[in-house]
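Each of the next two complexes has chain A plus one other chain: chain B in the first, chain C in the second.
Take a look at the complex of A and B:
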């Protein structure tokens, strides 16, 4: 298992993608730190970048990685190793590289210019989103044989969670405006990891106190121990679910 | 020679008067009420250090009452402590504590009726229901008093400085905390409030109605339950005040209802849920104010007209302006907006393209507050961008045609 993981990691590092991604993150973080003084503004700008970029890169990178290593994977499957180990080594390597890119890319400037609790939560959410979208991308990859098709599915996951879903929520809120909507919207947030990450982060910043009644309602929920526990549990489920689903398909897949 | 004579005579009369006015010392254990009863008009009572358990101390003649190192007058939670109905009463240096807690008689630390030319200075009031309560009086000086109360709920306490049907008064340098309203004025005219610190009151920091021709200068209103609410008044001057940290669903830096012909100049609005909420306001000027880190800098209802907003700074607010209709009868000009993305080709420090301070999302949130959950999502950013390019839903006339490229340097001595 560890040997497999080691080779998978070597492979990624060799492709230089990891280096470029990390460099990109560092540049983004540095430029944001340079532009604004206020810590909460920095977190907000980083959040904006993160919610857009991280799912996209994670999804595309994970899919391409899966197909680039397909031959190696097939070779390994012919060896007396467990299918579970082959699959896990591949996805863990991807997750590891993506997480390191965020940790180094966003973390190094933070060490330089200072951080607070909200920025640490931002890092955790970034890693969470990487895991989720890497999982979804692997799921898309094992479901098809074609690389282009898999990338298409991964991208549609990304579009769905960062755009279509919110449009659907907005439409729902608009058409049911006469009803008390605080609790249903809360439930809807849990069904989308990108929204969940965004709300958890926003509630960390003190601006949420300024958002009127709805803001106060969400602050109340996400500020309480129950809310923190529930939201991190749901985030965790989102991280586990695609990976296990992909693994189930992978185990039975006929290559 | 004639004038010299006149001067001499006046001086003589004055010194006669001061000769007549005796100074009476009230020692610990003696009764203040008795001393007041025995005193002649214009006498000075010096109350020595100690604790006096008295209430309903009634003053019906001109007197000066001075406390030496803050003698404590303890009302023992029964009724008012001082009741004044006279001219030229001056009260200074007392510590008044524990009035009754009743709405029946509006128990107060010091209560003035039908008085004139009176002053209340350098007193400390603690655990009073109403602090200083004035009705039907004029020419009052209320200066450097410290009022505090510790009620848990709004109905358990009265107003700090309460004026009803008063005029020509002066309220300066007082500190009020923990009361219902910090300063409450009703039917009060020609009154000036300067440099008061109004903090953590249960309802409003400043609350006035039907109080024309007043000015409020360099006061600080901080963390009050619902901020500041002022209504049904014309000709108000608010200058260099600070309104900050009034957070909550119905909390305002300042709520203006039916305020007309007024000037709001050089104020700082910081970290309020809503900086200014306006309803039914006309012909007022908002100039050189600074709005920073508010949820909504201004909520301008469609019932407002002919107001001018100029040379204000809008920095780091979630929403700059929101409104509830499509009709806009107000003017926005020469403001600085940090969200402005235009350019300045001719380098005259005014942006070449107009700025629309209302975003599509703020219109949506105004209609459906629950939509706030989508704030800062990719979708909302996208929609806002599209609306900026092709305005369709946001009011067309809410527009600043001359946005500034750099923020104004708004300085105040009030910190």
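Take a look at the complex of A and C:
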């Protein structure tokens, strides 16, 4: 397992993508730090960019990586190693590169200009989203034989969770405005990792007061120990689920 | 040594192997033949565990390969088209494969040396020509002195000198009593290298016996013409079937 991971990492770290993505993250972070001195404003801007960019790049990169490394995967499958290890080494290498880009890209400017607890949570959410969307991308990749199709499916995951789902929730809230919707919206938030990440982060900042009664309800829930535990547990389930599903398919896949 | 038992494999609606049974014994060398798309490569990939059959089982050295992976260290496999990570160098590829088999300490580098690969260990894989890649594949298949050698079109794309080197090596290994399984469309080569012929037609074993009895049955003295006759028969059998179905 560790041997496989070593070779997978060796290959991926040398690729141009790892460097470019990290550089891009650094540039984004630096430019936002330049704009404002206020920490919570910085985190908020970083959050907004992160929630759009990270799922997109994770999904696309993981899919292309899977198909570009198909040769390596096939080669390994003819060797005396477990299928599970072949799969895990590939996805862990992708997750490692994506997480390091966030840690270095956002972390380095933070070390320079200071940070607080909310920024650390921001990093954790970024890594969580990378894992989730890399998992979804691998799932799309093992389900198809065609690279273009797999990228299409990965992109639709991104569009769904970033745009379509929010539209659906807004529509629901708007058309059922006469009913108390705090608990249903809470449940709906759990069904979308991007929204979940956003809410967890927003609750760390003192802007929930702007969100009316629902905001207060969310503040109450996500501020409590039970809420924090539950939301991180759900986030964790989101991280595990696509990866295990993809692994199950991979184990039965023909190469 | 390898026992293929009632293997059934479908790709979508296409049935590639139907109720497929075969026995491969050590000390023999088998020529696996059949028209394109007859299921040769699929059979090999099933033995290696790269393709998972819908039904049936494979025993290697008496043990089922289901859920097992260790048996693959007994198999040297040379794929039809060797595809390797682009960024990797030949030397790194060799040491990686050696790293995958920590229990084997003695490496047979004879083939790599004869092919001249030892002088270009720091060449990245993506700069290599198709023939050189084949040489790398061949060297890897023989590197760990496995008991079973599976060679899928081993000489395709190799220059005549390399073909001779590889053939000599295969004959040398055969004399050591190893199980060798070769697929090829170059019949003269199979005649030299193998003593047992298996002909697959439409996912079924059409012929499975020694080369001598193949010549006997077909009444031909040359291997190539005997196989040509076998192909004719298999096609005729198909024609008769279709004619009947039109009645």
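As a convention for this text, the second predicted complex is superposed on the first by the 254 of 255 C-alpha atoms of A that agree within 3 Å, B and C clash if a C-alpha of one lies under 4 Å from a C-alpha of the other, contacts with A are read in each partner's own complex, and residues count from 1 in each chain.
Here is the rule we go by: contacts are C-beta pairs under 8 Å (C-beta built on N, C-alpha and C of every residue); 3 or more make two chains touch, one makes a residue touch a chain.
Just so it is clear, the structure is predicted and the values come from calculations on it, not from any experiment.
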{"item": "Superposition on chain A - do chain B and chain C clash or fit", "value": "fit"}
{"item": "First (chain B), second (chain C), both or neither touched by A:202", "value": "first"}
{"item": "First (chain B), second (chain C), both or neither touched by A:69", "value": "second"}
{"item": "Touching partner for A:167 - first (chain B), second (chain C), both, neither", "value": "first"}
{"item": "Comparing the two partners chain B and chain C, which touches a greater set of residues in chain A", "value": "B"}
{"item": "Touched partner set for A:254, first chain B, second chain C, both or neither", "value": "second"}
{"item": "Angle at chain A between chain B and chain C, C-alpha centres, nearest 10 degrees", "value": "180"}
{"item": "Partner chain(s) touched by A:80 [first = chain B, second = chain C, both, neither]", "value": "second"}
{"item": "Overlay on chain A, chain C to chain B nearest C-alpha distance, Å", "value": "38"}
{"item": "Residues of chain A contacting chain B in one complex and chain C in the other", "value": "none"}
{"item": "Chain A residues touching chain C - in the complex, by the definition given at the top", "value": "3, 7, 11, 14-15, 69-72, 74-83, 252-255"}
{"item": "Touching residues on chain B, where the partner in the complex is chain A", "value": "247-249, 271-274, 293-295, 316, 318, 364, 367-382"}
{"item": "Residues of chain A defined as touching chain B within the complex", "value": "38, 41, 44, 47-48, 51-52, 162-163, 166-167, 169-170, 173-174, 177, 181-182, 185-186, 188-189, 194-195, 198-199, 202, 207, 209-216, 218"}
{"item": "Chain C residues touching chain A - in the complex, by the definition given at the top", "value": "11, 45, 48-52, 69-73, 75, 77, 79, 83-85, 87-88, 96-97, 99-101"}
